[in-house]
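In this document, chain identifiers A, B and C correspond to the written order of the chains, with residue numbering beginning at 1 in each.
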Amino acid sequence: MKHASFRAAATTALSLAVLGALIFFLLPKYWVFLITAVFIVGIALQSLGLVTGRTGMISLCQMSFAGVGAWVTGYLNLIGAPGGLAVWMLIGGLAAVPVGIAIGLPALRLRGINLAIVTLGFAAAFDTVLATITFPGQTTFTQVVRPAAFDSDKGYFLFVLLTYGVIAVVLEFVSRSRLGAAWLAVRHSERAAAANGISIPRAKLSAFAISAFISGISGGLLAGYLGTLVSENFSMMQSLALFAVATMAGAHFALGAIAGGMMIVLFPELLRRLNLPQDVGNVLFALGAVQALSTGETIAETWMRLARKLRPKRVVEAATAAGSLPEKTSHPAGIALEVRDLTVRYGTVTALDKVNLKVPAGTVVGLVGPNGAGKSTLVDAIAGFLYRYDGSILLNGKALEGVSATSRSKLGIRRTWQTTRIAPELRVGEYIRLAAGPINESALESLLAWFGCPGPETPISTVDVGTRRLLDVAGAVASRAPVILLDEPAAGVSYDEALKLGERIAAIPETFGSAVLLIEHDMDLVRRACTAITVFDFGRVIAAGAPAAVLDMPVVQKAYMGVEFEEAAE
Amino acid sequence: MTKTRNLLLASAAILLAATVSAKAAPTCENGPIQIGAVSTVTGVVDFSDAPRATQAVFQQLNDAGGINGCKIEFTIADDKGDPQVAAQAARDLIDNKGVVALAGGASLLDCAVNAATYDRNDVLAVQGVGVDPLCFNAPSVAPVNVGPYTLTTAVLDYATKDLGAKKLCTFFSIIGGTQEAYAAAVARWEKISGNTITLSDMTLPLQGDLTPYLVKARDAGCDAVLTNQVEPGVVQWIKTADAQKITGINWLFLAPGYTEGVSKALADSKQPIYVGTEWEPYTEATEANADWAKTMETAGLAKTAFSQGGYMAAKVLIDTISGIEGEVTRETVTAALKEGKELTYPIAGNAYSFGDAKAHSPMQATKIMQLVDGKWTVKTKDWFVLPAAE
Amino acid sequence: MDSLFTAAVAGLSAGGAYAILGVCAIFTYRLVAVVNFTGAAIGAAGTFAMVALFELGMPLLLAVLFGVAAGALAGLAIGLVMTTWFAGSNASTKAAVTAALLVGIIAVGLRLTGGQHPHYFPEIIPGSAFRLAGVEVTWAAVTTLVLSVAFTLLTEQFLARTRTGLQLRALSQRPMAAELIGIRVRLLALGVWAVTGGVTAFALMIIAPLRSPDFASLSLLVVPALAAALIGAFSSFRAALIGGVMIGLLEGSVSAIGPVSQYRGAVPFLVILAVLLWSQRGARWDEAR
């Protein structure tokens, strides 16, 4: 994948260089001037794409961050700070970071809508503040000085292009890193991200901080571009329009950011040439954004889809084992996971009632029971997704009470979900890396091959549901956690695949060293994989012991047969 | 043909008699003379009355044969109140249209965004209505209107001299960079009159309830209150004063308050309301307004204060170009404007000149109007002229 | 202290407006699960329709009725967009849709209502009711307050007591399930949109004469409105009602404190910030994540 991200970065850099050369040599001064603005807006759009498109948090104050950067740049110019524009705009970007973090903080544990309100409120507040302070140097008619080597309009275009290129390339790397995957995971499902050991606050705040930084840089570039700025450059309406365009164009793609920049800059030009009123632009942006939201596909994605149609179809390649799997991880012997007198109540309903359960190291323990028996509640409790429970959960003898879901995952409790929650924008390799943390290329390949998964470069969106279930398990296993909780891994999987999956699960302890708690309805799978079984009904343990013995117990039969009848009746 | 020529010569002679030698012969070998204006047309406000009036004057000139046969092509560029669009529009006019000067523009932010661009390209702007402070604080712009800052000084001065106000208060809403300009205007009044301001509040919100501010003015015991509210704010201000049953304060406003909308909306109010005008009061059918009024009627345009600015800016440009000997280019027009010849028009209270200063605020005279029973009434028959600045 | 109180009372009429807009925001959220950024813009559309009719010479009362109807229609139009294309979308997408729509609505609104000379708003409820702390409290302020209280109580009763109210609650929580048990989901949702449109239009008509009545600034009243709704955690009408009034009072009193008074526009933001930081002390995982 390192190879892949280098290739992607090189493609971006190269295409920008070609584009820049064409513009620089072929277009007249006026158009070069216009297109400079395209790239400056493009940078702002990329920053918005990072929070909104990638991490799924609606930000309606992106231009306010740019304003912070611009004002700082203006001030540094006025006092004649050393370093010139390049340094000033970096400082401007850094100055926007604490603002971004401060905005992100109150929305850490809340859903995106609240963030939208916070950011809109900030944009409004920033408007009133900015309206009262003059841009530094305006009253003395001091212009922001461009770097000496890039002073002319064409020169400044190169400067902006260079900045854009650096940011685009760095973003390319970041988005393919574990952090980038974490952002997508957070957008797709915060719970699933936390279960993979991702710190949600850190993912969100880093997105906001980096986004504010980039936005601040775009503000600094704008200051050098226009020489002086007014508060209207960064008003709430500008932020809203930017949001609409980002939504329409797909600003989290390099292509979308440029397309959006072109719309914002060239639309007024087009309208002027057609003698149409300038306000038509905003109406079209709004309609375009609504259209993109309703189809769920941005302009950038449409283009990429069409481009993909033209290219020969890539076959989904199965992973090939490049080498052998690494040695199994040695975890402490004894009881890996212990649940003591666990009681969970929702209001007056008791979901779990004094449940006791032990998963010894190196074993696969099955957990069966009819629907609504409390199995998933138990997994939620163990993995740290329940706000409150009574009793105690111990990992290798250490109590986990008061430890967050993310920390439990990092300590060594991994879980999967009844329905797959892998962000479809990821590639197979990126997901495994996200789940596993640092893992080398050959270990990754051989792990995928062991599970019969497709190769690491395969996009998740092209993978069928059954295979995604496999990836869920593969991700949890790849983390080498001492305890793995599998919540109905065979749901939605064909019978043959389920059998194969059972064999794999049975082999997990000896191959990877992890203990497994398996929740499953498929009794054949359970028989094949488990060394011991616990049976639940109505939130209580009704039986526990060796699989064959337990499954033959009348009480289990009764609990289970009832369900089977119901299911048959449906 | 001869007839038009004669007409042109006659009108040109009248126009130029005061200032320009009749022998000057501008030429235009590269086609019509290009002039442009960056104005706010769509968006939050519509200031297009000013450039449309400029266009009407140029049209009239072209119909009469142009200046020495040179026609003027005039472009109005909309900036939407958006700085990015304003910057593009200015570049388009300068780089693509090749304008020799800008005239008659009225925009929320053209000066602030583009004054430096104009300066760098050595093109000058005769702003029809200068709005933002940089219009009065840049080497490349010299508006034909008095502007809110000079007008603040003038109206305050009028209140002390003619209304006998002792406790003057000011309330300003500050938008980007106007704080220093208003503070300077008040300071200038303090210097001229020897009085000090009783209360100067710079925190008036752009929108929102005004009640706290009126209560503050009442409690401070002001006997005259000046605010820089624009049209809807003026009505809101007076209505709030009425709602709070405040009496005994003279309310002073700047030119944006001088509209028929305000007079209609406040017809029932008994409050004493004064405004300072930028030019000869546009609601009056005086001799001074005759030519402007005729031009607007011919062109089918509304007679508004903004159109006076556009009209006068066009006149300034025509007179300047008429005085050029030889080819009309950006260089020659800029040089002619920088000469700083004084141009006098009946519509304005003192002579206009561009000149070569670092900042321009040429117009220093106003007339004061009072709202009496829903009608604007002239309070000062003669121009109220401020003593020369510094 | 005295001047602070005076200023606070002066913020009362703004507070009434924020309260009713906030209550409307919760109404929309609870019943059709949309955080509506266009709420105030819808109301502004109705308000300007009223002004246009009044300027054409229609009697005030009739113009107000038509204005309210226009507001309801504008609400209906947004409702149609939301129910046609975004019925199954998540809350975040819906919010994004309304935020994007706001950009277009403001552009169209400014085009239709803007221009060189602004419109003048007839005072629907003129005069002052009483004097408090040296400030005349206008009937307009009293009416917005009474209206928001009435709307709050009515809505609460309606949701708790009537069959339709029950259906509406079911609708917002499980639209699919509601459809299955035979509730005409779409019709009810559109009804909710129309009602909020009409109510906000009326509320804005009352306060417009005391505010800067251009389309954009009226539309952006959505910021304090959503702040009020946040205080109610998007569920409690009463908390939002009180929150809205508090924001108004706070803004009023801030304008009496010299050095910071020009930043009073930042008050809603600070309130939002404080509320969110306080309300998320206990983090929990909810299903939506």
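Criterion: a residue touches a chain if its C-beta (ideal position, glycine included) is under 8 Å from a C-beta of that chain, and two chains touch if they have at least 3 such contacts.
The chain list, named the UniProt way, goes like this: A = ATP-binding cassette domain-containing protein; C = Branched-chain amino acid ABC transporter permease.
Everything quoted here is computed from the prediction, not taken from an experiment.
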{"item": "Chain nearest the global centroid, as defined over all protein CA atoms shown", "value": "C"}
{"item": "Most distant chain from subunit A, judged by the mean position of its C-alpha atoms", "value": "B"}
{"item": "Most extensive contact between chains (C-beta pair count)", "value": "A-C"}
{"item": "Interchain centroid distance [CA atoms averaged], subunit B/subunit C, Å", "value": "39"}
{"item": "Separation of mean Cα positions, subunit C and subunit A [Å, integer]", "value": "34"}
{"item": "Chain centre separation in whole Å, for subunit B relative to subunit A (CA means)", "value": "55"}
{"item": "Where subunit B touches two or more other chains at once, by residue number", "value": "42-43, 174, 205-206"}
{"item": "Set of subunit A residues in contact with two or more other chains", "value": "128, 132, 277, 279"}
{"item": "Residues of subunit C touching at least two other chains", "value": "110-111, 216, 262, 264-265"}
{"item": "Contact set on subunit A toward subunit C in their complex", "value": "56, 58, 60, 105-114, 116-118, 120-122, 124-125, 127-129, 132, 189-191, 194, 236-237, 240-241, 243-244, 247-248, 277, 279-287, 289-290, 293-294, 385-387, 405"}
{"item": "Footprint of subunit B on subunit C - complex, ascending", "value": "3, 6-7, 10-11, 13-14, 110-111, 114-118, 120, 123, 127-128, 134-136, 138, 209-214, 216-217, 251-252, 255-256, 258, 261-262, 264-265"}
{"item": "In the complex, subunit B residues that touch subunit A", "value": "41-43, 77-85, 87-89, 91-92, 95-96, 108-109, 112-113, 115-117, 132-134, 137-139, 174-177, 179-180, 205-206, 358"}
{"item": "Complex contacts: residues of subunit B adjacent to subunit C", "value": "42-49, 174, 202-203, 205-213, 215-216, 219, 231-233, 235-236, 239-240, 243-245, 259-261, 264-265, 304, 306"}
{"item": "Contact footprint of subunit A on subunit C as seen in their complex", "value": "35, 37, 81, 85-86, 89, 91-93, 95-97, 99-108, 110-111, 216, 220, 222-223, 226-227, 230, 262-266, 268-270, 272-273, 276-277, 280, 282-285, 288-289"}
